[in-house]
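Provided herewith is a single structure, encoded as structure tokens, for subsequent inquiry.
In this document, chain identifiers A, B, C and D correspond to the written order of the chains, with residue numbering beginning at 1 in each.
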Amino acid sequence: MKSRLDEQTIALRAAGEFTDGSVVNLGYGMPGLCANFVPEGRTVFFQSENGILGYGSLATDTEKDYEMINASDQPVTALPGMCFFDSAVSFDMIRGGHVDIVVLGAYQVSEKGDLANWGRPGRPATGMGGGMDLAVGASKVIVTMLHTTKEGEPRILRECTFPLTARQCVDLIITDLAVIEITRDGLVLREIALGWTAPEIQAVTGAELISAADLKEIEL
Amino acid sequence: MPVNKVVNNCDEAVADIPDGATIMIGGFGSFGGLPINLIVALANQGARNLTLIANMGGVGFELSHRIKPGGYQDLGILFENGQVAKFIGSVPALGGMPPTSPLERLHNEGKIEIEMVPQGTLAERIRCGAGGLGGFYTPVGAGTVIEKGKEKKVIDGKEYILELPLYADFALIKAHHADTLGNLVYKGTARCFNPVMAGAARITIVEVDKLVEPGQLDPEVVVTPHVYVDRIVEVPG
Amino acid sequence: MKSRLDEQTIALRAAGEFTDGSVVNLGYGMPGLCANFVPEGRTVFFQSENGILGYGSLATDTEKDYEMINASDQPVTALPGMCFFDSAVSFDMIRGGHVDIVVLGAYQVSEKGDLANWGRPGRPATGMGGGMDLAVGASKVIVTMLHTTKEGEPRILRECTFPLTARQCVDLIITDLAVIEITRDGLVLREIALGWTAPEIQAVTGAELISAADLKEIEL
Amino acid sequence: MPVNKVVNNCDEAVADIPDGATIMIGGFGSFGGLPINLIVALANQGARNLTLIANMGGVGFELSHRIKPGGYQDLGILFENGQVAKFIGSVPALGGMPPTSPLERLHNEGKIEIEMVPQGTLAERIRCGAGGLGGFYTPVGAGTVIEKGKEKKVIDGKEYILELPLYADFALIKAHHADTLGNLVYKGTARCFNPVMAGAARITIVEVDKLVEPGQLDPEVVVTPHVYVDRIVEVPG
């Protein structure tokens, strides 16, 4: 049976990348779920570009405070050592390389690591928010997305066709089907979902994949 | 600069905003830090042909009611009212969210101009205006639609684009507490664009939850020094 | 008898320019004395570029606190509504035009309002501090200085010979002998010290003075 | 980034600073906000051929004793020790003050290079480095010796000069309180260049009066977020 990771599980896998002591920003949508899956024993400092560093998990309904939200308008919980700052300070922090990891959603990623995650054909008024700044500034850019569109078209491509967020910025792609690292040599397929084979993943990918020597099932 | 900056209510605070003004509006999105009472007063006041500079374009009345029972008010009201000619910001409309917001609808109809600015570049352009600088080079937006028409420069082997300052006639912002001189403190993530915009406008108008006397705010914790604030309205929460 | 204003009196005259509610920065040396001469009934907010707004007069010996100083290393007193900030914020405030008046010392001022107040021949290591930023950023620049050098040479000149602080920035010069306004038409002699005549002031000035129609004795 | 940033003493904190390093030193002048214990440790450690970035050059031991009974210690000690090859700052020496300071004396003897930077430009160049920007246009210095060799641009009819970012290998700064994560608060006018330099260096080392646990600093009043701090030394005052 071919399995696909659901959104929660993709977020869980992405959170596995958070090293101890790292500063992490979570983009709009699915990436925000990562706040609930920090691996045990690791301390992660979540930064959100609206001006907060060091918050905890997403707030439950009873804890909700709309003066304590992340950049996706989701109320979050407080942790000791947390602090607040304004948008200019926040983006100094981001552009200046003081955010170690950002997890972003995407429409498309190219084999060179180009990212397209904000503009869609027919929706010219949608904006990039802080995505461009984060993609350029963060030391490591992780993309979480579904491997293909609803229509089954690949989202991992030789060249992006949607407007770019930034060039050559993505380091790791985590989808419902695979974990793919972007290297100088190209796209390296590192992990695949239960029941899938490398050729099957290649068939739904719009750029050439190199199978890792130690290709394995997605680790959670 | 008048020493008495306290005005009686939001209507009075925005009364002299003329048609054609450029207005910065603080906050981040629809929640936390949005000077919503000043926005509603501006909607009632009715100035038209405005240029708005804000992070997000808001969702407006109809859409907010589809998203959340009871809905909520944000700067979408100014677009619904047809008061805005141009929007400068990082998220005019949220991509994931049908139906379209008032701003997106007007834009689709060709009735409003949008200048899209990456969020960090927006913050820095505003700060640049407030701080008397002529512009700055940022790597953000290089190789994207954002670089169109902008000067590019390679500095130390890296590509940058030149971004210019933003100024406004008025800034409408929200703070938690103000003293009567205009020193401001904020609350939690409601800080965001508010301190950045204070000072980039000729007239900065702040809506606060509570007004206190000078000396009641610890000098170590003041976020916005009073020189940036021209009018203060207390709107108890 | 020809009188000359002493430093305290020059500072007193300069402080007379402080309008109610104005934000004022006082430069190194003589200008710092102005903090003690704010006209009665006026509120003035002193800004110092090391990161303080709204301090009071200079501290007496018993009040001295070296974490509460102005940019001349002089301890100052606290006032309600005061606040602190860092150097970047401080100079945003200064360059951004949020300081209404700056009082600066000078070696030389030209008839166009060029200011030279930091570098001297033979002392190449002396620096400009925040003077350039203040001269460019403040809405009104007042210079306080002695009218001539120790050797009797004029300090008000057609062109400065010392390194410039900023071009065309000075609005008003207050010396031990005169108050001179810099206008589009040239240097206007507005007030003179007790016992002096306009031709006598002209004789110790290196640029042409225009006597104001209402030329009067220096008002204190 | 190590989660445990607390080191035992100043000597340990500066032990790995190599010859030839570029070092930012916080504070303003000789008083208030100068990380004097880290400076003394660096003097004892003896690294040479350093580039120092600081607002003022200090007066040093001999001159401080002529100015004030008992004298005082400032970064002049590093020049007296012959550890510095280049100084970047706004006040290498105070013009009004004979005799000359150690930095001025070395400069007069041709033994040290000085790059003079207006104070606000210094703060902004450092901030620019910490914030990942490539440079900025400022009106400050136009028409003076400061513009020499710099690109000039007229923006909106006004003349600006291009100033480039400053970076360092190490920043030595002083704060009042730190929590063990590295969040910092300052005291009074001792804030000055310290928060600006935090983040512009590869390694930021802070000397604090008191170390507290995370949660003991109000999140609203933290001035320097902990991401900018790498090593913390408590030196009770």
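Throughout what follows, a contact is a pair of C-beta atoms (placed from the backbone, for glycine too) under 8 Å apart; a residue touches a chain by one contact, two chains touch by 3 or more.
Because the structure is predicted, anything quoted here is derived from the model rather than measured.
Enquirer: Farthest chain from subunit C, going by mean C-alpha coordinates, please.
Expert: Of all chains, A has its centre farthest from that of subunit C.
Enquirer: Applying the document's contact definition, name the chain pair with more C-beta pairs in contact, B-C or C-D.
Expert: Between C-D and B-C, contacts are more numerous in C-D.
Enquirer: Between subunit B and subunit D, what is the separation of their C-alpha centroids in Å?
Expert: Each chain's C-alpha centroid was found; their separation is 34 Å.
Enquirer: If you average the CA atoms of subunit C and of subunit D, how far apart do the two points sit, in angstrom?
Expert: Roughly 28 Å, centre to centre.
Enquirer: State, to the nearest whole Å, the distance from the C-alpha centre of subunit A to the C-alpha centre of subunit C.
Expert: The mean C-alpha positions of subunit A and subunit C differ by 56 Å.
Enquirer: Of all residues in subunit B, which are in touch with two or more distinct other chains?
Expert: 124, 127, 131-133, 138-139, 186-188, 219-220
Enquirer: Which positions in subunit A are in touch with at least two other chains?
Expert: If we look for residues of subunit A contacting two or more partner chains, we find 84-85, 91, 94-95, 136-137.
Enquirer: Pick one for the touching-chains graph, please: line, ring, star, complete, other.
Expert: Topology of touching chains reads as other, fitting no named class.
Enquirer: Can you list every touching chain pair?
Expert: Those chain pairs satisfying the definition are A-B, A-D, B-C, B-D, C-D.
Enquirer: Which residues, counting only subunit A, touch subunit B once they are in their complex?
Expert: Contacts found on subunit A: 28-29, 48-52, 65-71, 73, 84-88, 90-91, 94-95, 118-120, 123-133, 136-137, 163-167.
Enquirer: Quick one: in the complex, what on subunit D touches subunit A?
Expert: 1-3, 127, 129-133, 179, 181, 183, 199, 213-215, 217, 219-220, 222, 225-228
Enquirer: Provide the residue numbers of subunit A that touch subunit D in the complex, in ascending order.
Expert: Residues in contact with subunit D: 20-23, 43, 45, 47, 53-54, 78, 80-85, 89, 91-100, 136-137.
Enquirer: Flag every residue of subunit D that touches subunit C in the complex, lowest number first.
Expert: 28-33, 55-57, 89-96, 100, 103-104, 107-108, 114, 116, 118-124, 126-127, 138-146, 186-196, 223
Enquirer: Can you check the complex and tell me which residues of subunit D touch subunit B?
Expert: 124, 128, 131-139, 153, 155-156, 158, 160, 164, 185-188, 218-221
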